[in-house]
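These are the structures in question, set out in turn.
The same chain A turns up in both complexes below, where it pairs with chain B and then with chain C.
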Partner chain A sequence: MFKRFIAFATSLLLASGLSLFYHPASAEVLVVVSAEAPVTRLTLSDLRDVYLGRRTLIVNGVEVVPLDLTEGTAARSEFYTHYTGQTPAQIKAHWARQIFTGRGQPPQALTNSLAVVERLVSDAKSLGYIDSSFLDERLRVVTIE
Partner chain B sequence: MMLLVIWGSTYFLVNKERMVIERQAELSVSEITDTYEARVVRALREIDTALKLVRFTANSSDYANVLGVLNEQRLLPPALLFTISIVDAQGRIVETTDSGRLGQRLTPPSQAVLDDDYLAVWETDAYQAKQLTFARPLMSQTTSEEGAGTGWVVIAIDANYFVSSYEVDSLGQQGMLALVGTGGEVLVRRTGEVTYSGELMDITAWKSSTLDAVSAPFLTHWQGVERYTLVRQLYDFPLSIVVGLSAQEQLAAAQQLARKYWQRAAWTSGLLLIILSILARLSWQLQRAQQRVMEERVLHAQQVEHLAFHDTLTDLPNRAFLSHWLTQSVKLGTRHDESFALLFLDLDRFKLINDTLGHDAGDHLLQEAARRLTASVRDSDFVARLGGDEFVIILSRASRRDQIEPIAQKILSAVRDPFMLAGQECHVSVSIGVSLYPFDGLDEQTLMKSADMAMYQAKQLGKNTVQYYTDELSAEMDVRLTLESGLHRALAGQEFKLFFRSKHDIEAGNTLGMEALLRWQHPTLGLLEPAQFMPLAEESGLAMPIGQWVLEHACRQNMLWQHEGFPTLTMAVNISARQFYDNGFVESVSDALTTTGMDPRLLELEITESMLLQDVNRTASIFAEIKKLGVRIVVDDFGAGYSSLSDLNVLPVDALKVSSCLVKRLSGTRHDQQLSSSVIELGQRLSLQVFAKGVASHEQARFIRSPSSHHFHGFYSYRPLSFEESRLGKE
Partner chain C sequence: MVRQATWLCAILIVTQSGALLADSGLPNLEFNGFGTLGVVRSDERNADFVAAPFVSEGAGYSHDWSAEVDSRLGLQATLRMTPQISSVVQVISEKRHDGSFAPDIEWANVQYDFTPNLSFRVGRMVQSSFMSSEHRKVNYATPWIRPPQEVYRLLPVANFDGVDVRYRYPVGKTSNELQMNFGGGSVDYSTGSIDASDSWGVSHRTHWGDATLFASYGELKVSADELSQFFDVYRLFGLPGEQLASRYEVDGKRTSLLSLGVGYDPGSWFVMGEWARSSSPSLLGDSEGAYMTFGYRIAEWTPYVGVARAKVTSNTSESGLNAALYPSPFAEGAQLLNGILNELLSSGMQQESITVGARWDFRPGMALTAQYDHIDMRSGSSGGLINQQPEFTPGERINLFSLALDFVF
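Then we have the complex of A and B:
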């Protein structure tokens, strides 16, 4: 129990420290959608829910399909660390439990940001994250509140 | 009893609670097992399906990149968890979803034979994590004919995947989810947050013998933990699942509850014991108090009864108790034909001691006497105090005088011992009267009266003695009572009579005077002499009035005779001691003389020798006063007893009357004659007139007239005559 508490506290500290370091203004990873998509802003909890498979619909009845990057990419680990406060291993364990218990499937993973950009442009429902260097005019950055 | 109920019900509750928890644990083990089984089977099927799909695609198409194509179509399980590879016959990875592993060698399980189409499962290590690897040989209808297989389709997955459904909420920190191979080798096991592998588990022993889908969990003891365990062989896969719930964790709540119950039982018992002990103590105290009250009441009642039936001074039974005892004794005597004796006791000098030494001394005397009386009789005898100085003793089973006499003598001697009262030695005696049941009375009153009479008789007989009741005594007492009641009447009713005895001159024989003698002409008892009634008269306080009557009537008679012309005679009157020492005696004599007018010189007062010597000084003063009146004094019964001659010389006595016994002796032996003569001579020497008393025979008369006894001045006739007779004699 005490051990667990310590672990929890440590993770909280780490998360808050990282979040300080990776502030959205200076982040290299951006949450983006097609410029034609209706979504302009998302709450942080909505974003977490969508990427952890807890829901597919967001606030105004708009369905979004999250896109992931394959494991091992820098943008991916930064994304999860920054927005969900969880390490890739924790995310993996989460999806293992979700799949094993039959409650969901992880988002489709693409191998790089460019593939994500292409998919976003072609599918207005998609939601993805990219390295900021891949941002172009076809995309819109979603404001995370 | 209540403690038994409390502890019994507590035991029952605890046991029931434990059983409920056990049942719940077993139920939840079953539930968890069902769910787990379903999930594992589904996961395995997905994996197997993926393997078959990859093989099918590889065998049926010419795609160079089978996995890429399939992934594109999203037909493969998520690469995030599942690493899918195609291995050639030499074990080299030719295609994989994890690009990092491309070209690595993969060692298939030794027992794997490429010919057979089956699912192989083994453990591998990748990225410092245990992985489970599933493989199917990659062969097709076309290639199979060519002989040896062309490779494998392999799916590797983190072993944790198969135990990721472990939930601490339901399984606890000591629960267990495990996937076990056919040989009992643990592929993966999770307990709490930790996963294990490579252990061996003897699952065959834990399997139920029946193949029922719902078998009851076993209570197993493995690696130091007791668990409710269910083992289930998976359908169509060479694997078993094991689900365990820690008995300790499941029962912790029950045990805590049990502890609480036991504690409550202990508290309740303690409280009950305290209450019971308080109640017991209170009831004990109440009982004690009641007992004390009862004891006090009984004691009080006993004291009251004791007081009611005992004399406070001597603590002897009192009159009431005596009465009760006597009644009882009479009843018992009647029934058993037994006799008993009643002793009536009266201390002889008690009144004197009480008056002279004070009441305290009197009380002390009574107490001491009571002690001595009690000590003198047997324990079975009964000693009571009637009051004053009267005691009663009842001697049981005594019927004869020779039985009673020793006891009576013992009592007499016990009382005769000197008493120490108020610092001085006192001598007391007791008079005892005895009556016997049934001879002297058949009831309480008669017995008491008889004993009282006997006691009175003892007093009369000089005290310090025992007297037994007799019928004669009773008769005497009857007479006594008759007399006593008759005395007053006699004085008023002329029943008293005077008789006269003549006094004669020794030579001439002529009558010199008369002696008046009192007689009582009783209507029923006849003629009574003074000895028969004077003691009674003295007791009744009639001695003086009677004496007065005699004096007066004697004088009157003398005057009557003078008036009738008889020669002048002296008149002698006997005076009793009581009368003589009475303060009004001299006055009564002078009254009689003045009333009748008789010459005082004719009156002779006869005083007995013993009387005159009781108190010589007093006698002398009385005599002096009598002499002043001119009355003569005669000493009666001279020579009968002791006489102090010197005293006689002092007193103004006129004449002596020699006692009749001396007179008798004059006619007796020579020695007797000399003794009598010398006494008579003595009188003469004192220059007194000497008369002989009680001359009955002519011989005696002749003798005293004889020259040898010339010294008598005269004699008295023996036989008294009544007034009527004496008158006749004169004529």
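Then we have the complex of A and C:
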């Protein structure tokens, strides 16, 4: 009985202690491509420029096409905050500047990570980001340096 | 002539591209829009504050609270016909010189991408004279209620019919964009129009991490029938009149515009600033403008402060014809002409301003912004105010309060 209490207390302490250092699942967004795709690593500035439409990235002669998640999803907010340092409202303003000057439309947006996974698997040109719990062996995590 | 040719060219590209359709998902048509619902109050009761120089009325004299200064609606259709060819048509409804909100075409062009980084456009475009010129009417996309007048009103002609080329190139960690354009345009006002012909411009933008660097240079020939007629009258006054007319005539002379801009935006705060100079060996003279805006982001709130300054660096008065040398009624005519000439020379914007505001991004695609401006006009300057009444005194200070709801969809 006493042992069980100790175990319980320890796990509680551990959990609360960990949460101070570790920001849980909502924070875990991975940049991924199909395991068949040529892309293995990207610089942070390339990733940012591709998603903001500032640069067309060509790897092994093939244009890399970014995929987005729909506005309001947690993974999308996390992706833009983490990799571009911008809030969804700032990204919206950025695309307003592009659209209304005829300089392009935002990346195609899919409704959830599962849809992104399915698209990536069927299209090796695409680049996407997903909630880490959707990662499987058909995908490769892109190293962002 | 250039304008007819560009339209013909645009129509040809659209009609010929139908045969090239290949990729699935194309052609693809997107509709987008933007707008602002805004009100402004000015404490100067004897003249109107306006955001664009040629509208019929604004806040202060005509209206206590004017909803016509900043309100507008823009609708856009973007058609991607093939992977290389796309077309944009954007129509904007806003207050005009005749008092109406009749819609006008702001953008209408066809773009051809030779490569993803090299594109060519023909049709109607907006010159990238300043850092935010091309999207200056999309208030949602800028931090302020309206772009700082001290810079953005240096040049009134904004969109043009012609061609432009854009080349994007990465260098190391920077992404760069070079843009060149050529064409002509016109702006209507209540009693005539101002035309710009043979205008060309080059602009360059570099994104380097959180920093943006911008530079632009352009030249154009401005003409206005009313001004030409005014100087024709001067020429009736013999050699002194001829000399004044050739000194101040606008027709056939080139006006140049140079501007430099910087921005730094690491996310939680931003700073941006621009400096620009327009020069013309004519009545338009030489002017300089600059601003600096600093903003801080706290969740959905973005408070900001800005300072700006505009000055005319060429002469703002002219002794003109010596009326004593002419018999009546030419003497009175000379005085009248001198009066108009001096009024035109002193009408350039000369002022300093302080802006304090806050933006609230309360839901996706919508923002509410409140802004206070304190404008200190130099003596003799009317700071771009219109509908000046006899009781109006140039060179005073005015205070503005503006509230705007901006949206994009």
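Everything that follows uses one rule, which is that the second predicted complex is superposed on the first by the 113 of 145 C-alpha atoms of A that agree within 3 Å, B and C clash if a C-alpha of one lies under 4 Å from a C-alpha of the other, contacts with A are read in each partner's own complex, and residues count from 1 in each chain.
One rule holds for everything that comes next: a contact is a pair of C-beta atoms (placed from the backbone, for glycine too) under 8 Å apart; a residue touches a chain by one contact, two chains touch by 3 or more.
Predicted model only: the values in this text are computed from it and were never measured.
For the composite obtained by overlaying on chain A, chain B and chain C cannot both be accommodated without a clash. By the document's definition of touching, neither partner reaches A:Thr40: not chain B, not chain C. In the overlay built on the shared chain, the residue A:Lys92 is in contact with chain B and with chain C. Of the two partner chains, chain C is the only one that A:Glu63 touches; chain B does not reach it.
Taking chain B and chain C in turn and counting the residues of chain A each one touches, the greater count comes from C. Of the two partner chains, neither chain B nor chain C is touched by A:Thr143.
Once the two complexes are overlaid on the shared chain, A:Pro106 sits against chain B while remaining clear of chain C. Contacts of chain A with chain B, set against its contacts with chain C after fitting on chain A, overlap at residues 71-72, 92-93, 96-97, 99-102, 105. Within the complex formed with chain A, the chain C residues making contact are 30, 32, 34, 74, 76, 78, 86, 88, 90, 107, 109, 111, 116-117, 121, 125-126, 134-135, 137-138, 140-141, 168, 170, 173, 175, 177, 207, 209-210, 266-267, 297, 300, 361, 364-365, 367, 408. Partner chain A is touched in their complex by these residues of chain B: 39, 42-43, 74, 77-81, 100, 158, 160-162, 164-165, 193.
Against chain C, in their complex, chain A makes its touches with residues 43, 45, 49, 54-56, 58, 63, 71-72, 84-90, 92-94, 96-97, 99-102, 105.
Taken in their complex, chain A has these residues touching chain B: 4, 68, 70-72, 92-93, 95-97, 99-102, 105-106, 108-109.
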